[in-house]
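Every chain is named by a letter (A, B, C and D) in the order it is written, and numbering of its residues begins at 1.
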Amino acid sequence: SREVLTGKNREEPNILERFIQPCLVELLGSTLFLSIGCLSVLVNPHGAGPLLPALAHGLSLAVVISVLGNISGGHFNPAVTLSVVCCGGLTPILLVPYWTCQLSGGMLGALLAKGLADEESFLNHSGAACMVDGGTSVGKAVGVEIVFSFFLIFAVVMGAVGERSRTPLASYSIGLTVITGILAGGSISGSCLNPARALGPAVVSGYWDYHWVYWVGPASAAILVSLIYR
Amino acid sequence: SREVLTGKNREEPNILERFIQPCLVELLGSTLFLSIGCLSVLVNPHGAGPLLPALAHGLSLAVVISVLGNISGGHFNPAVTLSVVCCGGLTPILLVPYWTCQLSGGMLGALLAKGLADEESFLNHSGAACMVDGGTSVGKAVGVEIVFSFFLIFAVVMGAVGERSRTPLASYSIGLTVITGILAGGSISGSCLNPARALGPAVVSGYWDYHWVYWVGPASAAILVSLIYR
Amino acid sequence: SREVLTGKNREEPNILERFIQPCLVELLGSTLFLSIGCLSVLVNPHGAGPLLPALAHGLSLAVVISVLGNISGGHFNPAVTLSVVCCGGLTPILLVPYWTCQLSGGMLGALLAKGLADEESFLNHSGAACMVDGGTSVGKAVGVEIVFSFFLIFAVVMGAVGERSRTPLASYSIGLTVITGILAGGSISGSCLNPARALGPAVVSGYWDYHWVYWVGPASAAILVSLIYR
Amino acid sequence: SREVLTGKNREEPNILERFIQPCLVELLGSTLFLSIGCLSVLVNPHGAGPLLPALAHGLSLAVVISVLGNISGGHFNPAVTLSVVCCGGLTPILLVPYWTCQLSGGMLGALLAKGLADEESFLNHSGAACMVDGGTSVGKAVGVEIVFSFFLIFAVVMGAVGERSRTPLASYSIGLTVITGILAGGSISGSCLNPARALGPAVVSGYWDYHWVYWVGPASAAILVSLIYR
């Protein structure tokens, strides 16, 4: 209902508002954000560079955070949720439900992108799976994932956790970290920065090479941010 | 007069302020937004990709909403108006007048773009009409129109309807949904997302292939958003 | 001194604050904005499209308005000043001084750009002068100048004139109108939208073809906005 | 701890909060900002133009200022710190510590970028060192560095110094000055605008040609801004 979505009318929100709604919002936002992101990769011609995928990922993330952030916190990324829980910005009870919703959203988003793009694009881009560039050592790819996930999660924790420093501009700053991450690191590791972004296309396309990179990198960054913030 | 445009001076605004002015604003805003959008398509060289039209559509929409939104709500899109009326954000009396003004604005905008561009560009791009890509099935085009119209209308309803959650940043977020929609889906269905954007160039250029896609897609999305919001 | 630049400390500002400082600010801002704009045209390779000049003009205008707007109003454009005076947003006493400063700023900016770019680029681009595209009728060029100047000046008048509706975001919206104007109309008339932008490079490079277009277009738009606003 | 990072809880902050934390923040922010900037240059194909490096530098600077600015002021640039100290926005005691942290951050950032990029890119771009274009006279390069550093530092001093005029949008405006600077001047001097950005890659790659340009230009601009502001 309208009151639930837009406001803080009641002093003691019920279970629906405190637990179920945020999870549904994480599912919906992850599906939207990641379907747009995956589709932008599928339609990007080979050799066209990372500009369009960077804008599509970053700007759509900014919008979903801006629009849904005051219901769920606007994570849409398991590594972000891990760090926010560690920093005290979310009750630990919601950690696993959020992860489940985000990873399901990633798979739904990847499926949706597959359904919208033509088959040839899908095959040419391995279903928009995050890929370590052939000429790159795995170590560099892990490094890129750590550095830019750190930047992303750090912007979330500083800009959106804690009532006092939370501003409407935080959603835009978080989106910009993704844009810069893909512009600078996209050609090395794909600048995935998000296990849900990695898992969905991997499941849908069956491309699992170096898949662990996209879990270890963001998770390490999440723990690093939590240590610095504490 | 200045008071009418800038303020809420009087407790009981008269008919001019409540009905006529918002309609004129929708007409003016749709004309400006859609003439810029159509012209950006006409001048875009074939094969140049969707970046420039994406920016021209999205940024000009952000500006007209930002500048005119507090007079009319800043819809400039019949599907948006449908959803906002369903969600209680606009009196149903204004539904048909808004639609008339937006569709008229679309035709004026398409005419204006035709007048400003050279004839060859106009013919090469079928007058900037929204087109289903030749290699795409119609089903995928409808899917793209539904998904991205959903994203656009969802951002409007969450960000701009309801006094409490309305922020000046909503106009920018709404513009960004259009940018991401064209970047990711433009090569499939044109990412029209707006029946007024579709009708204007169709009338002016006589290009009507698959025209229903651009009404069914956004309208379905509008109903979907209303169901979720309620 | 610091108090003068940043604040409204005194109830009755003296002549320096009310008249001399705003003029100097218009001179400084026009010089900065127009030197960046001209230089971005000079370094843009032929055939590279209007994206980079569009961003350079629009974003630098957004910054100078954002940074200097609360001292002078942030016009940096004689057509804007004309319209703001007509709408009651500036005392008519300052009309001619503002114009003088803006046109001087345009010439200084064009000179600065000439000094920074290499000679070949300067000659290849006729010193970044606004040019009517060879394949375009002059009527279309005038049309583009009127439509996009209207959009720009309308955003200024609605977003920045009048204490109540003035917001920090107005500066960004105004900059975005210039970006969309150059993206959509740049290949037709150059989307100059500003007599100071036209005069400076014309004086410096001696290129005067169709120069009147860039005065008639913005001036007509300024009068049109004033009529609608009143 | 959380209180230290997010708030102004105590009336008399201790030495940690007033001196050590701002310096660490300058070190962290400079490292992040400059590693992203350098990496974006290393991965940019030759002949691809300045758009991607411009966005990567400008947007990442906007984010670090937005996220860290209320702890340290968000300089990440020795020339900015010089000017802010001259304008009274920072105690002179912190001048040398800030410089040390910024220059160290520049070196760490350049090292990080070297570690993440492949060796061939590193060698092809001289480690992302700021370079005077071969066809350009040194005088023009110095001019570019002065003009755009002036624009950058002016935006900082007007938008972020002084409690009253400081706004969250200042961080974005400052980032935009860097974007426009690189778009318009990048092909002439590299639009470094920051001695820390220049020193790091010079040390890491051993490329020192015309290195003084990137100290003299920004420093002159810093002094110029201070003179105008006072």
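Here, contacts are C-beta pairs under 8 Å (C-beta built on N, C-alpha and C of every residue); 3 or more make two chains touch, one makes a residue touch a chain.
Here the structure is a predicted model, which is why all the values come from computation and not from measurement.
Using the average of C-alpha coordinates as each chain's centre, C ends up farthest from subunit A. If you average the Cα atoms of subunit A and of subunit B, the two centres end up 28 Å apart. Inter-chain centre distance (subunit B to subunit D, centres taken as mean C-alpha positions): 40 Å. Contact with two or more other chains is made by residues 51, 169, 172 of subunit C. If the chains shown are joined wherever they touch, the resulting network closes on itself as one ring, and no chain has more or fewer than two partners.
Contact between chains, per the stated criterion, is found for A-B, A-D, B-C, C-D. Touching subunit C in their complex are the following residues of subunit B: 1-2, 5-7, 32, 35-37, 39-40, 43, 45, 48, 51-52, 55-56, 59-60, 62-63, 66-68, 70, 112, 115-118, 168-169, 172. Residue ranges of subunit D in contact with subunit C, taken from their complex: 49-51, 87-88, 135-136, 140, 143-144, 147-148, 150-151, 154-155, 158-159, 162, 164-165, 167, 169-170, 172-173, 176-177, 179-181, 183-188, 229-230.
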